[in-house]
Structure formats: C-alpha cells, structure tokens
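We just call them A, B, C and D in the order they show up, numbering each chain from 1.
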Amino acid sequence: MKDLVETASEVRVNDFVLKIANVNGTGSASANGLLMKAIFRMGVPVVGKNLFPSNIQGLPTWYEIRLTKDAYMARSGTAEFMVAMNAETYKQDLAEVSPGGFLLYDSTWPRPDLHTREDVTAIGVPLARMCNEAFENARTRVLMKNMAYVGAVAGLTGLDVEVIKELVTEMFGTKEHLITANMKAINIGLDYVREHFPDPLPLKVERMDATAGHIMIDGNTAAALGCVYAGATFGAWYPITPSTSLMDGFKSFCEKFRVDKETGEKNFCIVQGEDELASVGMAIGAGWNGARAFTPTSGPGISLMSEFIGFAYYGEVPVVLFDVQRAGPSTGLPTRTQQCDLTLAAYASHGDTKHILVFPANPKECFEMAVQSFDLAERFQTPVFFMTDLDIGMNDWMVPEFEWDDSYQPDRGKLLNKDELEAIEKFYRYEDKDGDGITYRTLPGVHPKGAYFTRGSGHNWKGGYTEDADEYKEVVDRLVRKWKSAADAVPGPVVRRCDAPASRAIISVGGCDGAVIEAMDQLAAKGVNLNYLRVRGFPFNTEVEAFIAEHDEVFVVEQNRDAQLRTLLVNETDAPKDKLVPVLDYAGMAANPKFIVEGITAYLDTLGDAA
Amino acid sequence: MKDLVETASEVRVNDFVLKIANVNGTGSASANGLLMKAIFRMGVPVVGKNLFPSNIQGLPTWYEIRLTKDAYMARSGTAEFMVAMNAETYKQDLAEVSPGGFLLYDSTWPRPDLHTREDVTAIGVPLARMCNEAFENARTRVLMKNMAYVGAVAGLTGLDVEVIKELVTEMFGTKEHLITANMKAINIGLDYVREHFPDPLPLKVERMDATAGHIMIDGNTAAALGCVYAGATFGAWYPITPSTSLMDGFKSFCEKFRVDKETGEKNFCIVQGEDELASVGMAIGAGWNGARAFTPTSGPGISLMSEFIGFAYYGEVPVVLFDVQRAGPSTGLPTRTQQCDLTLAAYASHGDTKHILVFPANPKECFEMAVQSFDLAERFQTPVFFMTDLDIGMNDWMVPEFEWDDSYQPDRGKLLNKDELEAIEKFYRYEDKDGDGITYRTLPGVHPKGAYFTRGSGHNWKGGYTEDADEYKEVVDRLVRKWKSAADAVPGPVVRRCDAPASRAIISVGGCDGAVIEAMDQLAAKGVNLNYLRVRGFPFNTEVEAFIAEHDEVFVVEQNRDAQLRTLLVNETDAPKDKLVPVLDYAGMAANPKFIVEGITAYLDTLGDAA
Amino acid sequence: MTSMPKPFIDKHLPKNKLGLTVRNYEGSMSTLCAGCGHDSVTAALVQAFWELSLAPESAAKVSGIGCSSKTTAYFMGQSHGINCVHGRMPSVATGANAVNGDLHYIGISGDGDSLSIGFGQFAHAIRRNLNMLYILENNGVYGLTKGQFSAAADIGSTTKKGVPNEQTPIDPCIQALTLGAGFVARAFSGDKSQLVPLVKAALMHKGFALIDVISPCVTFNDHAGSTKSYAHTYKYYHPLVHTDFVAHAEEITGEYADDGAMRVTLHDGGELRLRKTDTDYDPRDKAQAIETLMMNGGDGEIRTGLLYLNEDMPDMHAANKLPQKPLNQLPYEALNPGKAALASLQKRYR
Amino acid sequence: MTSMPKPFIDKHLPKNKLGLTVRNYEGSMSTLCAGCGHDSVTAALVQAFWELSLAPESAAKVSGIGCSSKTTAYFMGQSHGINCVHGRMPSVATGANAVNGDLHYIGISGDGDSLSIGFGQFAHAIRRNLNMLYILENNGVYGLTKGQFSAAADIGSTTKKGVPNEQTPIDPCIQALTLGAGFVARAFSGDKSQLVPLVKAALMHKGFALIDVISPCVTFNDHAGSTKSYAHTYKYYHPLVHTDFVAHAEEITGEYADDGAMRVTLHDGGELRLRKTDTDYDPRDKAQAIETLMMNGGDGEIRTGLLYLNEDMPDMHAANKLPQKPLNQLPYEALNPGKAALASLQKRYR
C-alpha cells in the first residue's frame, strides 16, 4: 500500500473527480447517486454528470462526481479516481486517469492490463467474488457489486459511512431487508479496503459546511415543479429523451398535490399524445380554452411541431414548449447534450415568425423560469420556448433551495371575464386598444359577446377573415411590435464583472454558466480579464446590447457547431458582428472550462501573432 | 363618345395596364389569358398577374395585364383600363383607375355609382343582356359574358381580332362548335363597341416585334419541365396552393414523354402522399435508392417536413424540395405571394443544419435551375431547396424560349457502380477519400460490398453507429465543409451595373428582379445611381461578398416582413450588417417598383436630413 | 363576413326555450360554391342547436383546413371557433375539451383532413373517447385544392375528366368502429330529416360521436362518373335505422318497445328512439355493423343512419378522473401547493 | 459493431443454394437487452432469408426509431439499410420501392412507431398495397423511451408498478384487414417454427404483408400484470392456421387438397400450404377474420398464424403501371425528351 502514497503527487481534499465506469442496466445509477449525495451531505459541493448510452442495457456508461471545495458548477474534465467496472472500456478508462491518480477495479479476475500505467495506482477489490459469496440471487449480486464499490470508495477516501447509512435508510424507508442487504454490501467493500489498504489515499473527502441551504435536483424535475406552482393544469407530451422526466416529474407532483383525497378527482390532465404534432395541438387547444398548458419535448419534437407553432404565433394562443435539447442533427446523439435548437426555436415555423425564449442555466432557474414562462405566454399570448438541455435537465445539480412567495398571482394577461364583456359594447379580438401590441382575449363559454374566431389564415383586427393587404399587414406589424416589447419582460441578463477593468467579455447562455465562471478564474490567473454576461431571454434585453457596446470584443460561448447564439445576437442587436467571436463546443458533453480557456487563449495568441 | 378622348390626358401605345375585376368560378381566367396571349402574339411585351381568393367560387378576383413596350417584367401598380365585372368591388375598382383612365362595365343594369369620378371615363356595354339574348344555357351565358368583354376590349384598344380568333381556334382544336360560340361572343362585344364607341381610345395596342423568341409560361410548369429534363423519375406530393400545378405539370409532361406507347408502362412514378411528412419521406426513400426524386410544396409543408429534412441532411440523401412560397405565417394568405421561407429553408430542422438553396427569378430560370437542383442534390448528397413563389410559379411570364444542350448528362456525384465496388477493397460510406467533404455513395442491390447503413443517429466515417464525441464531430465538421464548398457550385449571382459610377447598390432575390430593374431606371432618372446583384444560390457565392465590399451601402430588397435575405447575408458573409439596409414588401402582391423607389428615396432623404 | 353578427331581430321566427330564433345560431355568410353539400350540413347544425335550445356560447367549434373546415365560421357566430391547421383538429379539440368539458365540442372536418393528413389524430381521438360531435363532410375529393381524390374516393369513381381512382378507400365508419367509437353514424347532406336528429343525438352522446356525412362537391365531384355525386347518392341511399332524439324522456332503457322503436336514454339527458328499416339490423352489434359496411362494396348501397351505439364507455374525462369543475375554472389557490409545501418537499433533495 | 461484417468462414455450417451459410445473413451485434423478443425476430429473419437462398444484397431494410427499429442493423449486414425517423418508415419504403421493385423490402417497426406517431403512414402504405414485408414487433410499450404504454397495450394490462392501461388498444391486424391488406398474420417471437415460414411466405407475397409479432420487452413489460409478457403469451397462445412455404411448387391453386392443407401459389413463386388448427377458420374470409380478432377481447386467446390472404390485388407497381426495369436503372436517354422535343413543345406557349 505504500506505493499508493508515493505515486500521488499531492494530497487533494474535496477537490478531485471520482468517475465510475459501468454498464447500463446494472443498477449502478443509484449507487453513484448515493456516493454523490453522501459527499453533498458532508457539506462538500459536488458536480455530478451521468453519461449514458442511447439503449437500455449492456452498453458503457460513466458517472462523474466532482468534489469542488470552491463550488464550481462545471465538469473539470479530469478523473483523479476511476472506478473501472466495465471490462469493455478498461483501456480508455485507464488512459483517462489523471497522472498520479487512482483506479479501482474488480480483482475477482486478474487484470494485468490495468497496471500498465506507471503514474496511476490500480487498486484491486474482489467485488464480484465477495458479493457472490455474500448474496444468493443473480440480480442481487449484480446490484450489490455496485454497493460494494460505494463502500470501497468510502473507505479509501474517508467518506463518512454513517452518512451513507442515513441515505440508504431514507432511500428504502420501511423496507428493512433492503437496508440490511445494501449496508451489508457497502460494508463488504469498506471492510476489504480497510483491511488491505489501511493508509488513506491522498484524495480525501472531509466535512465542510458549503452545502447548507442547497439541494441536489435535476432541471426537469425543477421545471416540472415550476409548472405545478405556475398553476399549469394541462400537459401533453410524447416520450422523448431527454425530456421524458419532465412529464414524469409533473405527474408525480400533481399526484401528490393535486388529487382530491375524497373523490379521487384530479386537478390536472396529462395526455400522452400519439406524437408531437398532437401533443402541441392539445396544448394549444387547452391554452386557447384558458388553461395554462405546456408540452415538453426535444429537437425532433420541435421540428414536428413547427407548423402548429406558427399557428399559435399567428392566432396568438398562449402555450409553453419545453425544449430539452440534445445533440442533433436528426436523431443525433439522444443521450448527449447540446444547445443546438436556438435559431430553430427563435424563428420556428414558415413565414415571418419570431418567438419568446427563456434560457435557464440550472435547476433553480428551471423552477423560476417555468413559472415566468407561463406568465409570458399569457401576457404576450404567444408560444414561449423554455430552452433547457440534457445536461441541465437530467443531471442532479447542487443549487440553492427554491423559494416561493405566496403573494404571487399568475399574470393572465388581458383576459376579459364575463362582467367585463357584459360591460363593453363590442369586442374585437385583435383590436390594439392600448397601443402596446397586445390585444384582449376571451374564453369560450363565457359570454356570447366574447365569441371570436381563431384562425391561422389572414385576419384583420376584428378577427374577421381577410385577404386585404393592409388589413393583413396591420396584424403582422403589430405582432412584431408585441414581440419586441417582450425584450424587457423576459428574464434579464446576469452580469458578472471581473475585478480588473476589462475591454473584452464573454456572452454565454444556459448550462455553460459554470464552465464560463471557472474559465474566467483560470484566465484571470493568466492575466486575461473578462467580464461576463449571461443572456436569459429572447428577444434580448437592451442591457445585452449595451454590454456588447461596452467592450471591444465579446466571446460568444455556446454548445453548438454553428454559433447559434451568436447568430441571434448578430440578427437581433445592433452589435457589429466582427466583435462577436464564437467559442464553440459541440462534443455533446456537459461543458467544462477547457474549451473556453483554450478557445480564448488561442484567439488572443493569434492576435498577438498578428500584432 | 367625344368626352372619351377629351378626358384622356395622352395617348399611350402598348404602355398601360388592363385590369379585369371578376368573381372566381365564372371562367374568367381563360378569357383573361386569351387577352394577354393576343397582345403577346401582336409582339407586345406583357406582364400578367392573377389575383385570386383562397376559395373556389364567388369571391372577387382580379387579373392584371400590363402592356410594356419597354419590356419591364414587373407590375406597374397602376390600372389605366379597368374591366369592372364584379358588383361587389365596383367601388374599390373605380377608385383604383389611374386619372384619365377608363372603366368598362356591364350596362345591362344602370350603374350610376360608376360615373362618380370626373377623371375616369366609364364605358357601358350591356354584356349580360346581349349574351342572354344570344345564348341558351345559364352556364354558357356566364362564360360567354367573359368572351364578350374580350371582344369589347379588343374593339376599344385596337387589339387584332384575327389574332384572337387564331388563339381561340388553337384553344379548342377540333371542337368546332366551341370555336363558333366563343367567336360569336367575342364579336358581340366587338360589334357593340364599334357601333357605340367608334373613336379609338387613347390606350392602344399596336403591333411590335418585341416578343419573338419568347414564350409565355408559368414557373411551376417550367420547373416541372426541368424535372423531366433532369431525368427525375419520382415525385411525391401533397396538394397545396401554390405548388399544386408543379406536379400537375410534371404529370402531364411525363404522360406525353415517358409512357411506352406499346406497353403503357410509365417511366415515372408520382405518389400523392397522405401528407407532407409522407411525401418528403417518399422522395428521400427514392433518392436513397438512386432515383432523382423531388417533392413540391409550400411553407406549411416545409414546416411539416422539417424533421425529415434534418435526416436527409445528416444521412446525406439527395432530394429536391420545391418550396413555392406563399404569404405566411401559418395558413396565412394561401393565394398571395411572399419570399418568407428563406431563413427556414436555409437552416431547416433542429440541431446544426445548413442547406443548399437556389433562387430562380422567372420561369426560364425555373426550368434551368430545376435541372441544376438535381445535379446539386446528387453531387452534394443533400436536400436542395428550390425557392420559388406564387408569383413566379402561378403567373404566366414572358421569357426567352428555353434551350437545351443535348450533350448534358446528369451529375450523379460520387456514386460507385458494381464494377467499381468489385475493384475496391473496402467501402466506407462516410470516408472523405478526396478531402473535399464529399464521400462515396452506393445503391441498394448493386453489390454486397457496397452495403451500408443510413441513419439519422450518430455515426462515424465508416457508417457505424457511434456516440463517441470525436467520431461524431468528424462527420458534422465535414458536413459544414461540404456545405461551404457548394458556394461556387450553386448558380452564380447576376450583376447589373448602372452606367454611372455607383457607391450604393441593391441586392435582391427571385421575383423581385423585374421590379428592381425598373426601380433602378426610375431612380437613375432621379439621379440615384445603383448597381444591382441578384443572388441565385445559397451558400452565397464569393462574388456576393465582394460585391457588398465594393459598395458603401447595399439595399436588400425582398418580400417578407423580417428581412430574411438580409439575415442570411448578415450571417453568412463577412459584410458589416449596417451596410445592409432592408427594403421590404410583404403585402402579398407580385412586386412592383414602387416600394423600392419609395423605400430607397425615403432612406436617402433621411440621410440628407441627418447630414 | 365578420365572425360576430349583430343580434338579429325577427318577430316572425319561432323561438326556442331560450327565447332565441334560428338566426341566433347562424354565422357569417358562406363563401362556398352554390350548392355545396357542406352548406346543408351547416344548416342542419344550426337547426339542431336551435331545436335543442342550447346556449350559443356553450358550443366550441373546432376544425382543420379545407372547404369543410371553413364552415365553422358559417354557423353559430356567437360561439368561439378555432380553425387550426390541416388535419390536426382532433388534437386541439382534445386539449380544449380536457380543460373544460362543459362545452359542446363540434368538430368539422373533411375526408382529406381526417383520412389522409389527419388519420392518426382521427384514430387517437376515437381511442380516447373524446366527448365531441365529429362531423366528417365527405365528398371523396380535396375541394379546396381543386379536386384531387381523397382517401375516401371509391375504386372506380372518376375525376371530371374520367380518370378512375384505383386505390382502396378508407371508410371512416368502419375505422371508427374498429377503433372503439361508441356512436357511429352515416348521413347525407341531402337528407336533413335524417341529419338533424342525428346531430342532436350525437351532441347528447357522452363520448366520441362520428357522423360521416356524404356531402357532394358540386364543383369537382358531382359528375356522372362520381360515386359521391348527388345523383349517385340519392340513387343508392339506403337508411338502415331512423333516429329520433327526444329531450327529457322518461326512463325507458334498452330493448324494443311496442311501437317498434328501440329507446335509449343518454347520459347527458334525453332519449333516443331508433327505428330500424332493415328488420334484422341491430345498432348494438358491432360485428354486424362492420360486416354490413364492408358489404357496401358488393351491392353499392349506401347504408345510413345511426349504425352503432354504445353509450356505456367512459369518456376521456372519466378515464382521466377530471374534476366536476372544469380545469380552466379552478382557482389558482387550488393549484398551487404554496411556500410551506415547497419547503417541506425539498427535504427529499437534501 | 460495424455495419459491414467481414465475410465469415465456417466450414461446418450448412450452405444454401447460393453457397452461403447463415452467417452471411447476420448483421452487427445486437445492443438490445438480453432476452428481448426482438432478437428472436432478428434470428427468424436471418433463418428465413438463408432458407430462401436470396442474395443478401437483394434485400433493403427500412425502419423507424425504437428498440425494434434498431434491429435492422442486426441482420443482413450485406444489405443496405435505412433507419429513418420515428414512425415514418412506410413513406421511405414507398419511395424506395417505387424506384426499384426488384429488391425485397423488409420494414421493421414497433407498436409505438406504427400505431401512434406512424399510424397514418402505416395505414396508407397498406392502402397502396406496397409490396413489402412489414414486421411490427409488438411489445405493448415504448421500449427505447423506458416503458410507457403504447397504443397496443391491452385494457387492464399494467405497468411494472401495477398501474393499469385504460385505453382501447389498436389491433394492427384488424386495422390492416379493414384497410385492405392482402396478407395479415400474427406471430410470437417465442415460436420460431411458426414465424420463419410466415416470414418466407410474406417475402414471397406480392403486396403488403403484415406480420404482427408479439415480441416481449423483458425490461419493461414482462411482469405478471402484463398481457404482452412471455408467460401470458405462452398461456393464451392459439395458432389458428399453420403455414408452410414451399419453394417452386407445382401449379396447384386454391381449395383444400386431400392432406387437409390449402395450397396457394404465389405470384413471386413458391407455394403456400395452410393447415388450419380450427377447422372452421377460413383465411380467405375477411369478415370472419375481423370477427375472430375482435373476439380476442372476449376469451383472451391470442390467435396467430396467417389470418388472411388475398394474393390477387394489384400492388403499387401494378397500380402505377411502372416499367419492368426499375426506374432507378433507366438510362438517362430514356427519360430526357431532348432538344428537339423542347423546341416543338414550346410552340404551345407562344
């Protein structure tokens, strides 16, 4: 065990990455979640990323847990401690370990290959053998092998087993036998390493107090909770990775909060549509009828919904679309992340159309912006796109606890009720009474005076059918005015200025946030000072333009091939486009600071060369 | 009759607009076509525009025939001679007549309203009464009323009745009784005006020799003919205005040229799909299998095809999409024209996608570019969008006769045949052997060695499924390279320089062409000299960028609300965006020079003020 | 042509229980071709609504795109209407209905709209037993795009120019039956006496009620070779079951009473009296209904009337256990768990 | 996991008429769950192709998205395959087939792929009588998206957690029958002896041939409450008709021969021998087939075999009068009218 300490270059406390390589369908997800949660409970900030294949069983999967005492929010891209449970990927897993790092493997079978790197310490634990001896049933043995490595990792890093036990107890509740079995497996791993590797590793987990007031939650669950709090009553969907868990979450929250205990009546309705065209059609129907309605989907779904989106835009029907983006094009990489539907969503559908978008960066914003999305949709009577992605939506993120103000009331926009209709002389659906581009709306069944006809074909301000050029233009011109006026209603940008004066800046969006902040620190350390603005809504708030104007050069950091955020900035602000330098990452992995640091450094180097 | 001549300000020979207001479903289209064709046969250049409602019968419809001795290609926007056949629109029709102009109406009933303008001469001809007297059957009477006004117009303007007769004879072929009946109706109108208005109008049609070597054809028919000449064998479609006549045309040409007289076998296949998703899927299936395949549609169809378009892009399947654009958004104005799907087509589908577009400006280019589209699709193995519109597609245009070079051979691109497959050692579908981003393709059934798997999910250069970031990126990076390389293969821009040196210019696209040229003449007359470039393909040819660089300011003239061509120029060239000034028209009518002249003049005036 | 006609005053017209005349149920002027079958269906709808004395604002009109789909603008101008995209009316109806089941949903579609582009949505609305009246105005062609064959065109039926259709037609009634619809009827726009009571019955049926109405297109499909022409339909018209709807009837369920009519009490009120023309036809026997319809190909007869009825299937609201009070009328307080619940919920994420 | 496996050499394996072993018909390694029914269907396809001695490159594999749709990569690596978008395989197959009818089109789909998002395309491919083998790997759930009910889930069948499905299922065989399919079969992935001959027969049938294969999803729908589990299917499995495909048979058409088997000669060669298990079942009687399938709800039996056969309907090629030589092989000269024709054509536009 001595060489262990020798190999390690330095002792790293609460600052390393634990990466578990496994095969999907073996139940490793809960073991990995347990590890991460335990670290979090010890007060240590964590970043967790689950990398899984687009199939159900038998292919490689990885889970990264970054302990980050400095509370960074991104992947680091390194792996100091690899738990290599998948023989298929041994080679690549070993190669990935950082110099001086460790690799834990199942030594039930000899694995000489895993000892080929001088600068990596391989730690063998006979997980399978021990579990086979301890447990009967085949499936149990597979599951318990995972728990056994949890114990081994705990033993090696100093992770508190009591915390693990607490979590296991919470997890299984009253199912005593499951608690016993899992703890048994954990102890098998723990005891083995305590016996065979008594000296602690230089990678240490130590208690901190940096997670108080925080929770660990994924963005889809958070967005679902936002839908509940927004008072959404109707959701239609068609299953698609990575959006499925959003509707799963909505369903389980509604089942908790919205079912009448006596009658069993449900104060919500979820319909699994026959496809995405139907799902968005249903949400539009519900929105037209006055319910807060939404549909979660991913890129292929947005493509399929395109025709209906244009209808809701032109007919001015409120509806919220959650686009949990995944790597495209086409079916692409369904289990990899990207921010690749930005331009699509901004201008979705044929003809002249412009939409409202919100861009959450983490689960907390998912919760908050979900609520805002419904307010925006009703206020502006139009589809609102909630642009999240697989990384935000499906990974557990450490975020501050959600807050709620009980005085919140939904912004229903200009919606006339029965009495108001009774009082007015005549109602015209598309009459711009207030001159702000937003007209009054009525609901079916409320009053015969409120009756109007919603259509995707040419209509005039009265709501009547028209093919007259001037009448047609009046309506579509108002639609642009209305859209532009949303610039100050969408969530405003978040600006972070560096301490030193900076002539250059970064603009980024969504889940890149953590990576950008970390990259800024790294660049600052190299003497490159940058300010940073994160856009959170489209059309862009005026502050965005002002921020660009303030700087000589702005790096636009985003996760797609075609610089889509930059495209939107170029199109929809007055910023000169050569000021906007694209920094792109589209490998499908959650962002890490590396591509930003390297991208910006490389760019600055070229300037140096040129100068 | 004296006041007729008095009112008229000047004699206009072959330079006025004849506009016929009618009700649809009354068979007026053929009467109007006859008038236009007769003028054309007299050697006078004409521009014809049919304005029809989105219904089948009973709503107002207008037909404009511009006689333009200077051979302009656009509407003038004026109406010197109105044939007012629709009581519903009398008021508006009268209002539209140019000062000093004429209005012909059916005086079977008194119409005092039509005499309210001092500066317009109303000419009453009792068309209904005369036709009722002359013909039996109710439907015939309606149809013949139209022919009667043809005769009246001929009599008043000097249009040669012999030419009309020639056309009627050609139209009805061997149906002698129809020829007789129609000529009878024509003569009724003619005789009446000869008797009652013996003095000629100051609006005159006189023989010229300016239409030799030209034909009158609509763009959809021309594009259909292009498909035939390109060797397309498969077309799938779903009916939608204004694209329907493209497939109608293809069908009738194929029936003429592609049916085996002996066996009745058809060397083509047309499938009316159950919707647009199916139609494009079929075209993709046929393209994958090695046929030249296409689907014509309009905006709503492109929206519906979006998911499949991304598949063809990523799977690299050649297919040609004809987008006959109409006014959006949503169902919009199905019988009005716009250029409003430019950004949609350029980036259609979710994820990072970029497509090849061609932009014909008139039926002749429709014919030629249809052929080129298939070459581009096969050469670059990707969807190609043929961006036409209702104005080009459904109106008859006067264009130079089409030419054909019998030495043309289809560019099938890198397609390996059986012998080539036999000869090579191993085939990998997405291997960039030549380093130009274009890889080799094989067809099903040819050779087991050529077998590969086409998928919209992540794949590597071998064609194998992958979720590996580097393998994935290699392919999508190559796709951008391939796309960029099409810039010099798409039809190049057409540049027209004014005689004087010009620091400003116009960039425009498609059917705006005629209006731009006329506007340039009008502006030049006012001392505003402009150069002009018309883009004909996307990605933009390098010449486009050079042209912009050459000028201080470029007006981007197009027919949509959101300046979509400008958006593409901003995104895909290095041109600074403040150089690109939008000049927009989205009223749904075929372009006329007015909005360009006014737009540019207004802009220059503001500059003047500011300066 | 505004969608909100002024209140009509016509002293001579009879009034229904709400004191409204038939004028109160009319819409804007039709822009269809003179003689189009669809206009007769519009008239039947106006009549049925007036006779039922339903408040105009209690209806919600939904449609897709096509001549048929346009007609929702031509009746009941005092009701809300939504004319969405081609073939997707059922989904809009589903969402609208889910959040307010108190309205009467009237979907109007065409054979192109329902059987080609919209076939999936048509099928799935039936599967969900959406509580709505679904009228398919069937003319065998795409009217609005000028006469292409639809999927309902019979084999051998010709275009105006004489080109025959060669593809197997889709029979919406057979499909509805096999997909589980509880109310399946066929009618003819030319026979208002049959259509009006069917519309009333369908409106009162709690669940998906399909009326496939043969509704000739005079412009593109009313010639000699067409099997969807007025002449052909009159010739082969064969009413199987005659339906009367009687409001607020006594409770007499099932089985044939002495007058030979079968009486069925509907969940939403009223009674149906079914009088068979063919003595051996039982509108409760699904297999027989399917077989009877499949025979059409054989003898060419167009069998009409209420072909099948099963009023005992849970509709979408029941299956989803939706509340009595429509979702769109629940107060926000009933939907929002509040601050305290949020705090306690989050313990699970610590 | 490349799509082009190296030629296999295995001396001990039997060879077919082309001298190929079963290995030549295999594809890349399956990535499905161990025990997934779909892998058995894959194996049956390999077997059937090998037995028929069809050249591997004569097949074209088409599919949508889903676990089932992935399987086209797992057989016949020496054939072209196209794995398009979810639910839209039939359209791609239609286009591909139209331009080269000489290949054997094998479409693989799932119940989600065919009955929800793809229901319209499924129906219209049948209407067109597209000449293809269409295998619907039916497991009652969406496997790839982790176990949601599909439209094929039976009423009362439960999720793993015990939640029952309440919506009427769509039976693809009933739909195919009413939409006009000429070859409709049901099979079970667990019975290769029935499936392999059915696949052979379907491949040789000229027209649309549907095989709805109950193919259990071991991960999400193989528990006690499921009606699409192995256990449930074995229990209620009820073969109605046994099919044998005999290549190059003598010309004996129709009617039952003395050995009790009904013999049918197929247009594309070979003979079918249908042996009935239920003596009163006639696979030529569509009405009976529909009624029999609709009964399933009653006794729960899963009736399998070649349920309906009509080999006399024109397929899409015939209906479109397509040439003998595939469109994709016609020389350009046969397609292009040339300069002179263009000049003369244009006279009409003067």
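To be clear about the criterion, contacts are C-beta pairs under 8 Å (C-beta built on N, C-alpha and C of every residue); 3 or more make two chains touch, one makes a residue touch a chain.
Keep in mind that this is a model prediction, so the values were computed, not measured.
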| item | value |
| --- | --- |
| A-D or A-C, whichever has more C-beta pairs in contact | A-C |
| Greatest separation from chain D - chain, by CA centre | B |
| Whole-Å gap separating chain A and chain D, where each centre is the average of the chain's CA atoms | 40 |
| Distance from the mean Cα position of chain D to that of chain B, given in whole angstrom | 43 |
| Chain D: positions in contact with at least two other chains | 85, 116-117, 119-120, 123-124, 128, 151 |
| Sites on chain B at which at least two other chains make contact | 54, 274-275, 300, 307, 311, 315, 330-331, 455-457 |
| Parts of chain B lying in touch with chain D, wherever the complex brings them together | 41, 215-217, 225, 228-229, 231-234, 236, 256-258, 260, 263-271, 273-275, 277-291, 293, 307-308, 311, 315, 401-406, 408-410, 426-427, 442-448, 450-457, 462-465 |
| Chain D contact footprint on chain C (complex, rising order) | 116-120, 123-124, 127-129, 151, 166-168, 170-171, 174-175, 178-180, 286-287, 290-291, 294, 314, 319 |
| Residues of chain B that touch chain C when the two form their complex | 25, 54-59, 238-241, 244, 272, 274-276, 300, 330-331 |
| Residue ranges of chain C touching chain A (in the complex, touch as defined) | 1-4, 28, 55-58, 60, 62, 72-73, 77-85, 88, 90-100, 102-103, 120-121, 123-124, 128, 320-324, 327-328, 330, 332, 334-339, 341-343, 345-346, 349-350 |
| Of chain C, residues touching chain B in the complex | 31-34, 65, 67, 70, 85-87, 116-117, 119, 142-146, 148-149, 151, 219 |
